[in-house]
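Here the chain labels run A, B, C and D in written order, and each chain numbers its own residues starting at 1.
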């Protein structure tokens, strides 16, 4: 399968949207594009399986390498392994759901859908990139549309949030940038050409000194995207000010860019440093998990609740990566996928509630189950997934992370694991509190005029995401089979490096 | 003539340069400022001629450079004065302090 | 000899020809209306630009006073393109102006001066070109004759550039004194890095730094941009800077190569100062021209980072960046110029909710600003990436980190403009403005350039190959 | 085992039913969802009974020992090459027993709810949740893998949450459901960490392998777990204790019992099913399932025993003072589960020593019947009276004769009066305790006396006492409500005669157990005395109870306020967790972490304002700076000779 399709389909969609006249055409084009993306995602999955079935064990499949700026050894090099495929599928789910959720948007719908689709180009490109330049290119593509989406269509202190988000994310990518350059100029230290190629760099030995110098840049930079404490502060404001679809994308995919980068670039390419810095990251991730969870507990706005909980949940991703066992990395990737779907669903539900009730403060809502059973059910399910209910994806991911984390016998690691486990209790507290206040209880706002349950598009969006959550939650083995070989490659790399020293 | 050492001439030219600079920094009349700049240019001229005369007697580079500098200085002064006139039309003053509205 | 002369001096001759055509028309007091003149001039410039692609060859003339090669020719043609775009963009400003022909004569004279300067093989030629490009520029700074600010800008510009020339000349005289030659090709052999030579170098550096607005020699920039007509500000910030940077880079890389160790540290210091100062001032600007001035100062800081790489990659990335910079900055200036010419509004507050009324202009401005900020997929991303990459090759990651930090600060104010246009609400929004065909074409060319350059890698390959 | 593969249907049918009713129960199938649910459960119960028969009498016994039959096993999620979550169906005596209990009680509750929940707005949803619970509980008991237990452990937790909060517009119900879930979640944390410790030590999650590895004296895993220690306690003890915390939470053991009384906010049939007969005994079941490990590790088993004993005593005291019928029953549930726990805690592993284990399971079995019976009776009463408070009842003997008899049977059974089922199981527990720990035995006997007292206090106040004059909306209830009462009453009466020790023992080898009548005389006499005392106090309305209450003074008050556990928890959660951790965390995030970012931005702006003076607009200043720049550069690079 030609991976560039994943870029061209959204590109084409975006272009068509620009040419459309009238809301109806725009929506139709966006929907068609979204469906096409999803189909492409599934085709990729099937093709990937088939290729693996035939015994192709190459690390990256469907590679395509095209010289871009040959004097600088910059190539457009794409390829996927199981982790990328999982992330691509996640993206296609969230994007399609995002399009459906924003179906009724009236204000500048053309621009909105254009930006949304454009954003997905960045995500897809990022996940298929095997060249650090290409990767960085797509990483940055996925920032500015968010700024516009939040700033134009957002709510609350949207301008502040949009700016904060853009600056912090770009700050993260600037750190990544410095790290990547440092890496690049230290490839082939013995002479010969430098390289941005991920697969090539992985074969080389980067001097330990260099790794130790640049690992913090790369990991920290991606960490900003992945809500690494203390760079997580864009998350609450950004998520809560964003329009529904943007929140979904932001939490569902954007934050995953960070985790993916931490794994694919920082850990994979700088294994020695990853090992050396693991305790630091673990401490930070644990802080993010616990402290994020406690901070969530104090929030009153539903979006803030979910945003802070994202900080906490994304801590698991970083924790899993830093624990450096195959299981924990599996868990981290699963957590990325799971959290992506779950949080998107959560935001979708919150958006639907907000559209109808015009408030997101949990205490002002109440008894929604009575007037909008579908949306409430979706909300509850998302919440349950968030608190790690078995049968939904969150449990699978968290359990894997815990299991993997526990395999590190060191005391620090153990304490970190136990503390992180403790967050499941706090999660239960804030989720149930939100559910109790907003969904259950007596009906508080009865004066709303056109309060109805979800419309077809909203139902469709929720069902798509729920399908993903259930597919992972009920039958996680396919996901395991998909990502585990890829995680094994990473962990092999780390182990080899550690043994060598 | 040859008994004046190069150093002394350079001393004069440098002195002239800094006198010009002082004028540039301290005078308020734009025309005087222009004249100060001419002083600086002239010190450069002296430099060129002196170097040419003392060090590199076989060539004419310095001297020719000087001629061009003089010419261009004239052109520069012409344009500058034209601008000063225009400034006077709008500001009714050729005080450099008055041309300070664009700032920060 | 004569054929070679025509070929090698093609650019200069063509520009001179256009100047003379205009001169004769003026002297012959033709009765052409402004519109006709503008159409004709733009066409001529277009022809000039197109012709720039052909018959390029390397060679020297007048005993190495004038030398040219494919790289210089490419650079000259980049300037041609920039001039063409500016000319097209200033259509709405000039169509009612009383002195169109004079404007073009002066403008093209400066272009001619830059061409000579870029081809200079000798400090004398260089100085002549420099002055030819400066003095007429001062005159057109004052081209909004009735505006107070315009003459203030012009006087600031001419006095300070006279000062900078004086210092530059002083430096040149010292170089002459210590080496006995003014020829670029002979100088490297005579430079030994003595204190006097270093001082001379600093003076020459200051001369360049003034033209390309390096802190602390930048102070004129904002004032002059604000006071001058927008087209002139654009010209100053793009064409003039690009020309001087081309020369600066090649002079540093060839003539002053022996003292590279010293100037590397100076560039380090200056680029840090420039980036921070430009950014910190740009943060609080309200006037868009002034804002763009400081933003261009910051860009120069980034370019210094690239120059400090001092190798093939460095040179290539500077030229490549400037190519992109021409498109990006002219895109921004184009919109500001247009709005300023039609409504007279230049302040950021006036641009509130600009997108609602003028989606096209707002989009062009945003894309240009994104490119300036270095955000993919615009070309600015590639330009900046390569610049900083070139700077990183020396392994000075402190500089690189500072550059990266400054990219974030600069992003803030670029985004602030976008924010103003897209997100603010306003009662006094600029009404819908019909965009004339010239301006529209020019803007589209800019946008096309911004969006395409990164994806047409042979442009970079070509520049890289030329910048040996 | 292909001839047992139908067991899978026991699990799948409720799941399918949940899916069906969950999707359509709100509108489409709302009317007939009860019938669907009940008939599905009927099939399930039939299959379970068949399984009981086939396991115990046909396939299960091999060489005189009941062995483990893995009906189904597949890998659900792999963690690492040897650690994975397997899903499967494993049959052994206790899982088959639990299958039977769960399906039968669930069936009864399904039937009862047909009448009880009639006309509810969310009738379909109710049945969907019931099916979900049944599915999860059944899957829990047949688990092959400790993580499988955890998974369904959580699922029964959430079913319980959903059902407690079934009347979602009642704030108290919402609060109770939240409390139940969070408290058990807190305990589950222990369970989870315990699993992590055990699985890491044993290198497996499969229960069977786990037990073999950790009880084989020479195995490296066991050696590893007993030698590595934290805070002076071996990893094995930590693991088992933490797992027990999970079990204690779910089984509402002291001090995690606070959620259960509140959980009575749910519909009464739910209380009967989840909070009396099945889910709350999951903790006991968990300990029983891992019993070989516990019996191997004495210290953790002692914890089980003492926690069980305390949990038996304290709630019994509280129950004597409460007036809410369901709360009294809830406290009695805790107390009875305490019995089961300490039964396990005093048990040994093999042969006669395993009496405690057997007795505990036996009590679990009988308790399921008589407690669900009591709850369903309470449901019927509440249905009639429309109130939970005993004060609103009284003299119901005439109005609801069947319920009266059933309730009486339940009371006699729980009070341990022969020949009702409770007598047999309780006596065996007590005799096991007597053999191993006299203190616990004492507690057990005292509690048994208290139990008899408060149960009959309840009985007399409801059915005797003064007759209230009330307008009744309806009679005793429909057939669907009476039938389960009858069935359960019969079961509660007869269940004691099951020769339990032949089926369920820790080492799966049948033993001969006999009730020592002489030994039983003392507890039974005490119970009878307590009943008589209760009768004297409450049979007719009089001032004696109040007098006794005042004479007990502080102690009564203390018990009445449930030993202030709720207040303590409230204090810890509201004051300490919220105010001392949550609020500061939120504050720090907003003001310090985020403040730092904002400060960065503010500083930038501030500096930019500070330095604006350089751009003074004065030409000559510019010239000065220009020159200063040159001088500065010269000074730095020429004077100081900054060499490369």
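Just so it is clear, a residue touches a chain if its C-beta (ideal position, glycine included) is under 8 Å from a C-beta of that chain, and two chains touch if they have at least 3 such contacts.
Predicted, not measured: the structure shown is a model, and the values here were computed from it.
Peer 1: Strictly by the touch rule at the top, which chains does subunit B share as contacts with subunit C?
Peer 2: The shared contacts of subunit B and subunit C, listed by label, come to D.
Peer 1: Grab the C-alpha centre of each chain and report whichever is closest to the global C-alpha centre.
Peer 2: Chain nearest the centroid of all protein C-alpha atoms: A.
Peer 1: Averaged over CA atoms, how far is the centre of subunit A from the centre of subunit C? Could you give it in whole Å?
Peer 2: 42
Peer 1: Using mean CA coordinates as chain centres, what's the subunit C-subunit D distance in Å?
Peer 2: Distance between chain centres: 76 Å.
Peer 1: Between subunit A and subunit D, what's the gap in Å when you average each chain's C-alpha atoms?
Peer 2: Taking the mean C-alpha position of each chain, the two centres sit 36 Å apart.
Peer 1: Can you work out the whole-Å distance between the CA centroids of subunit A and subunit B?
Peer 2: 65
Peer 1: Note the residues in subunit A that touch 2 or more other chains, in rising order.
Peer 2: 167 - these are the residues of subunit A that touch more than one other chain.
Peer 1: Among the residues of subunit C, which ones contact at least 2 other chains?
Peer 2: Those would be 155-156, 159, 163, 167, 222-223, 412.
Peer 1: Taking each residue of subunit B in turn, which ones touch at least two of the other chains?
Peer 2: Only 24, 33, 99-103 qualify.
Peer 1: Output every touching chain pair, sorted by label.
Peer 2: Touch list across chains, by label: A-C, A-D, B-C, B-D, C-D.
Peer 1: Tell me, which parts of subunit C touch subunit B in their complex?
Peer 2: Subunit C reaches subunit B through residues 123-124, 127-128, 131, 135-136, 138-139, 142, 145-149, 151-156, 158-159, 162-163, 165-167, 169-170, 172-174, 176-177, 180-182, 222-223, 226-227.
Peer 1: Which residues of subunit D touch subunit C in the complex?
Peer 2: Counting only subunit D, the residues touching subunit C are 601, 604-605, 607-609, 611-612, 614-615, 617, 619, 621-623, 625-626, 628-630, 632-634, 636-638, 641-644.
Peer 1: Across the complex, what residues on subunit A touch subunit D?
Peer 2: Checking each residue of subunit A against subunit D gives 164, 167-168, 229-230, 232-233, 236-237, 291, 294-295, 297-299, 308, 325-327, 330, 367, 369-370, 373, 384, 387-391, 395-396, 399-400, 402-404, 406-407, 409, 417-418, 421-422, 424-425, 428-429, 432-433, 436, 439-443, 475-477, 480, 484.
Peer 1: Write out the stretch or stretches of subunit C touching subunit D in their complex.
Peer 2: 155-156, 159-160, 163-164, 167, 195, 198-199, 202-203, 205-206, 209-210, 215-217, 219-220, 222-223, 260-262, 264-266, 269, 277, 280-281, 283-284, 409, 412
Peer 1: Within the complex, which stretch of subunit D touches subunit A?
Peer 2: It comes out as residues 26, 75-80, 83, 85, 147, 150-152, 154-155, 158, 161, 165, 168-169, 171, 173-175, 177-178, 181-182, 185-186, 188-189, 192-193, 196-197, 199-200, 577-578, 581-583, 585-586, 588-589, 593-594, 596-597, 601.
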